[in-house]
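Common to both upcoming complexes is subunit A, partnered first by subunit B, then by subunit C.
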Partner chain A sequence: MPDVRLVNVTKRYGRVIAVEGLNLHVRDGEYFVLLGPSGCGKTTTLRIIAGLTKPDEGRVYIDGRDVSGIPPEDRNIGLVFQHFEIFPFMTVYENVAYSLMIQGLDEEEIERRVYQALEVAGLNEVADRYPEELGAPELQRCSIARALAKGSRLLLLDEPLGSLDPETRERFRFTLRSLVKGRGLTAIHVTHDQEEAMAIADRIAVFRRGRVLQVGTPMELYERPASIFVANFVGETNFLEGVIERSGERSLVRLRGDLLIEAGGSNLRAGSRVVIGVRRENILLEEGKAEGLNALPGRVIRAAFLGKIIRYRVELDNGDLVEVKQPTRLGRFFGEGERVYLIFPAEKVLVYPYPEDLRYELALR
Partner chain B sequence: MSWRRLLVRVERRLSSRGFSLLRDALVLLFLLIFVVGPPLSIFLLVLRSWGEVYQTVFADPFFAQIGQGALRWNMIQRGLLRSFEIAAVVTFIDVLIGLPMALILARYDFRGKRLVDTLVDLPMAVPTAALGFSLYLFWGSIDGIGGLLGLEGGLFSRGPLLIILTHVAFSYPYIVRSLKEIIESVDQTLEHAARTLGAPPFTVFRTVTAPLIKSGLLAGSILCFTRSLGETGATLIVAGAFYTAPLLVVEYRQLLMIPPAAFLSMILVSISAFLLALLRFSAERFGLPIKEAWPRAERLLSGRAQRHLRDLMTFSFFVLLILIPSSFIFTYLIRWWGGSPYTGNPNLGAFYQVFLAPDKKWPALQSSIITSFKVAALATGVNILAGLPMAFLLVRKNLGRLRGLLDALVDIPLTVPTSALGFSFFLFWGTKGLNLLGPGFWMVVLVHIGFTYPYVVRPLTAVVEGLDPHLEEAARTLGAPPLTVFRTVILPSMREGILAAAIMAFTRSLGETGATIVVMGLSRTVPVLIVQWVESLALPAAAFACVLLIAISLTLLLILRYVLGWE
Partner chain C sequence: MPEIRLEGVTKRFGEVVAVRDLSLEIRDGEYFTLLGPIGSGKTTTLMLIAGLLEPDEGEIYFDGRPMRGVPPEDRRVGFVFETFALFPHYNVWENVCYGPRVRGEDPEATRKVAEEMLEMVLLEDRPDALPDELSGGMKQRVALARALTSGARILLLDEPLGALDAKIRTALAHDLRRIVKDLGLTAIHVTNSVEEAMTISDRIAVLHRGSVEQVGTPREVYENPRTLFVMDFMGDINLFSGEVTRADGGFTEVTTPEGFTFRSSRRTMPPGSEVHVVVRAEDADILPRTEETVNNLHGIVKEKMFLLGFMEYLIELETKQEFIVEVPLMMSERIWEVGEAVSITFAPEKVYLFEKEESL
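Let's turn to the complex of A and B:
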């Protein structure tokens, strides 16, 4: 049963560091997602696991076996490529049969296993078609069937949904996950789409600049992002600058314009510069203050009614802007120009040291 | 009104439908008259004087006395057969040693790759007459490998073996270059996909890369075949008493036996047309065994030791068969510069022969260089002017099936042996045809325009295909009429492509022998002069002319590489 372990893996391209000192453990039977913006090293990591890229340092273990010197064809893996890479001069059937043909299996065995894989992928109808006659979703399924037919227990997926239209993409998430879970495979899936990652993963590793910032379940990443980068990348978060007044179980933060709010736990020294994060959907708009909760006064400057939810942009009295996403059934609709209070509980406020390197990305001053 | 506005106004007028139709008509007319007219009209000319042709080829009264009325026909048949045999062997060897080299250059990184890449191109810079001479000196004279091995003479005498070696050397860079480009165009991710599906590198090449490059491989092989079939300049030097079909054309022409020369040229044109058709239509139906696997054998072939062996053999073949023989002429010239290295007699040295001997070789060389340059410059200039609108016509007009026909017409001079092509020009423009021009400088220019035409149009077509039409649309919406768009947007983005095409045509023209020799009259280009000096056994002087010509071509090709960038 395959688990994958990367130990101190580093890969440089000239002066550019693609992956640095990477340690990762993907457990057997897990649906694991590598998430991060483009150029963060997630695809390089996948290629290192597949054996297509040689790391400069470090070791890779698949199933407890050190595979560092083993070429891709001898690693027990299946890889699904972003652009599918279906061999254009072979039919769907021949594509799926490719790895079995390489293994030198006899015709009957090949046919049995190809049809099995085609069945799973729902491609029986088009088995004899050539790739040029097929659309992206079918090519995608063909590429999955081809990887599955090989019979490997470890499935690697490189932005497998990236070339599909949004609707198909959403549908395929569940197809993919149930396929992997139904067959007891281990899957490592690369994406830059955080929603996709949340929907599909057992656990997610968030990458940035060749390093893993945090590994956790979707819930953990959402509720307790370990760094401001993760908080920004996973979910939609408002960031406000402030200074710690008091730290501990509950901390007190002074925002610009002397607005005081209570925040979650923090061990930063009093007086240090911080940024607090509050998710858009954790804020409620009210006409008045509420007991025991943070309440920031402001004015609605933009309101968009989207049916299930209402999106607001509120200008706080200190001039900071806050985006709010509020379910329509919770409270009334506020028009532009109306004065409101932003209400949110202290435990939903994340506190991070002021991030110099993310100033522009987070639109801080 | 400023001149700029005036210019745009003129361009607007010239962009009108009428003018663009006129331009297209002129472009097509040029193609018909100056490029494909002569080789195609040869059928008509042969038919018209069929009686004469029949008599000289099949029933010559003179030879009939000895019962050999069809002697010339027999010679023609034998020449054709030999040409085919040689071309087949050459193509086979070329693919065998060129494919691994192309693969190595396209897919691997190693120290010195750029150097190897440049060296592979070296024979391209050597005009074929000079190349043939260099190979003759290396393989066939005591100054070359024969002397090194302690033989009395050369290792091989002039004849088929030396022809094959020469043809392999001159076509090698073309096949490596085209195969390398094709391999590079294959999406490497497909190969990666095959690796992850369990295929070792050799299997990946056979089942994934090979099917994707097969049409390119076939096209490259056919081109290589036609080049060998039609080569004249180098063959003249290394053939000795042996003759191939193009050599027969030259011979008949020099003996003023026009009917058999015309007949043979016609056959050669037909063969080229046939090969061209093959090139266009057969690539798709050429199957490869990709549906089987021999896991154990192929795994073995993919091993590290086997790959090293392949690399070693590829490089040694390249060095031994191509690099050293083609550059041997430099060594030879240095040894023979001041005099004979054997007797010390200065009168046998290149310096004496060229500059001091009473037969005044230096002025002859000077004037032939000037002739060569004039011819090459005129041919290139005319072809750029005529080829640019042709490239646009091919790419941008929705021609449908006509496009295939035009493409084929443009390619005709590529596959027709240049001596046959030259001869067809001689007939077309001369007394047998339009009777407008006799052999001499201007006819040489016309022939060179004809055979360099595809070398200009092909790359230009590729450049036009690569242009982004959105830029032009943007310029149109900003108020520029089509001709203004052409001048202000298209031309600047094509500059490098045009220069590359021009240099290509220029070097081709500079190195051409066969086409020149049949129409030249009293004018001499450098390659022709080299052939003549070799024939008169002024070998050191010929070597000097070769090195001079190589230096010029090499400079031009280096500029070309610089313009195109390294890759």
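Let's turn to the complex of A and C:
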């Protein structure tokens, strides 16, 4: 049921623009992630949807209804934050029941809803415990259970996994997603962690400086990042400088040291200064140079066997460094010092205009 | 020079045995990692080496010299912790020079070493910065420089990357290793992150309940896990139990109560043995539904998740058990959708067998 639409939303704090001219449509039943570095406007956006922050311009629609004048408590949303906001003097049960009691529901109804929420959140065995006896994952489950018990169909989550240790965090992604999917809820989840976003989301909006740069499925953002910022922020990408030699469906780029590489489509003029981007996972190491392949010569300067992948750092003959993450299954292990050819499938090589504003961030010259 | 040997070391805290009859040999100049879950005894082991704790039994040797009774400050070890433990009101330079200064060492010599170490950790242009003005990665590099200016030959690192973001973590892991190697130090690094241990180490000791389960290079530990615990700890696995029903021609065949048949070429075990069968997520492939029954399991795609460079699938088998498969995107001809009927397949050399008495 709940779909969320933001139309031309702008929010300023004094002269600082937090979000600007924002348009977004989160579909019913979708697990949607707002992703970006700190200060990009993602949390402000979430707070605007929640009604905790009032936009200066624009409208927010939940289920097609303009919620501009509606206070947060009447928007029927569940909020989950990084810090759990659990009452320390109440048991898990009481924490979850609290808002229902305030609503004045009868006891039987409260009990039914609370136990159901606790069960879904996997907390029925600790219902009578106090927060101090529980670990971070249980506390976060407790705030989720509270949101569920209220009957909210729309869940807003602000860095909900931020307080968990890395391993628990990874497991909890699954839990969170299947909770939302299993109950047909709509979730909007804010994070700065691209790996988390990729693993959990149906679709992701990438934010930068108060604007949405791209909206897409994890796969779309990964395979076709619309800008060099997205290519850098989502996934791990190598950037090499060059000049367009020929453009079109397939372009030809001359890298430093006169190395030629065939790349994906580009309509930039010949002679344009560009940066090519290649995912670390989209490069293969080979012993020899096969005909007709995009193969650049280099030398392995660091090889680390990580199990399912091998991580290499290769110095190309032109001095550029390239990082590679090769699935172990896809070839033999190359040791440090070995001469190799790096194979770049042309369709995986992205071409972007030289980004003056990201020079330092991308360590370009 | 510094080579470290632990012989039969046991450490108890009241009733709890934190480290149990532990023996280890860490070679001179080695980057060595103690890897294990919380409570496996890895931090206790590190503190024993540092001299912050004394073993109840056993002995620790540095270069063949027993360390019992030698206080931490005389062991020439440098410490780096997860939390940076910098003095907040001292700038980078003052933090780095602190140790030699309170020991009253020659200021000129201290200055030279401190400059060298700051250069080593790539912070030579920030000597005046206060800790608060630095990122987490930078703070940890200051902590490292400080540990190094004290003239330590042995570096002990307790979850040094634990508080950092994923991207910074990898970069700093490379820096740490480079610095240790360039200075010819011996490093012992404690972590619960497999990826970190694999990235940084020459050799790894996997710890479990205060004992060493296995010692080896990252590759040895991954390719030939000695125990079910090590195999499980190193990554995503699929676990079954069954009985060996045939053993010939270098193959061991196992049948499970659910009626699955596994064939392994890794190890020969006599018919009748009760075993655990393990297949790693990344060693399995997905095919359209087949009729095969050996090393083929049939199910429905229940979940798919996009990981960087891999697709992870959760397949629900006909028995309702779940099986995780990770397929590299570079070799995926197609993406499987939720609800599709598929078969999972894996090669006999990817089927690991462990004796049944071992359990997780």
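The working rule: the second predicted complex is superposed on the first by the 365 of 365 C-alpha atoms of A that agree within 3 Å, B and C clash if a C-alpha of one lies under 4 Å from a C-alpha of the other, contacts with A are read in each partner's own complex, and residues count from 1 in each chain.
Just so it is clear, a contact is a pair of C-beta atoms (placed from the backbone, for glycine too) under 8 Å apart; a residue touches a chain by one contact, two chains touch by 3 or more.
Model, not experiment: these values are computed from the prediction.
In the superposition on chain A, A:146 makes contact with subunit B only, not with subunit C. Contacts of A:78 after superposition: subunit B is touched, whereas subunit C is not reached. According to the touch criterion, subunit A has no shared surface contacted by subunit B in one complex and subunit C in the other. The touching residues of subunit B, counted against subunit A in their complex, run 187, 189-190, 192-200, 203, 207-208, 211-212, 290-296. Those residues of subunit A lying in contact with subunit B across their complex are 50-52, 71-75, 77-79, 81, 83, 85, 87-90, 94, 98-99, 101-104, 146-147, 150, 156.
Put simply, subunit C touches subunit A in their complex at residues 165-167, 174, 192-195, 198-199, 217-219, 222, 234-235, 280, 282-283, 303, 305-310, 326, 328-331, 335.
The part of subunit A that touches subunit C in the complex is made up of residues 166-167, 174, 178, 193, 195, 198-199, 218-219, 222, 235-236, 279-282, 284, 302, 304-309, 311, 325, 327-330, 333.
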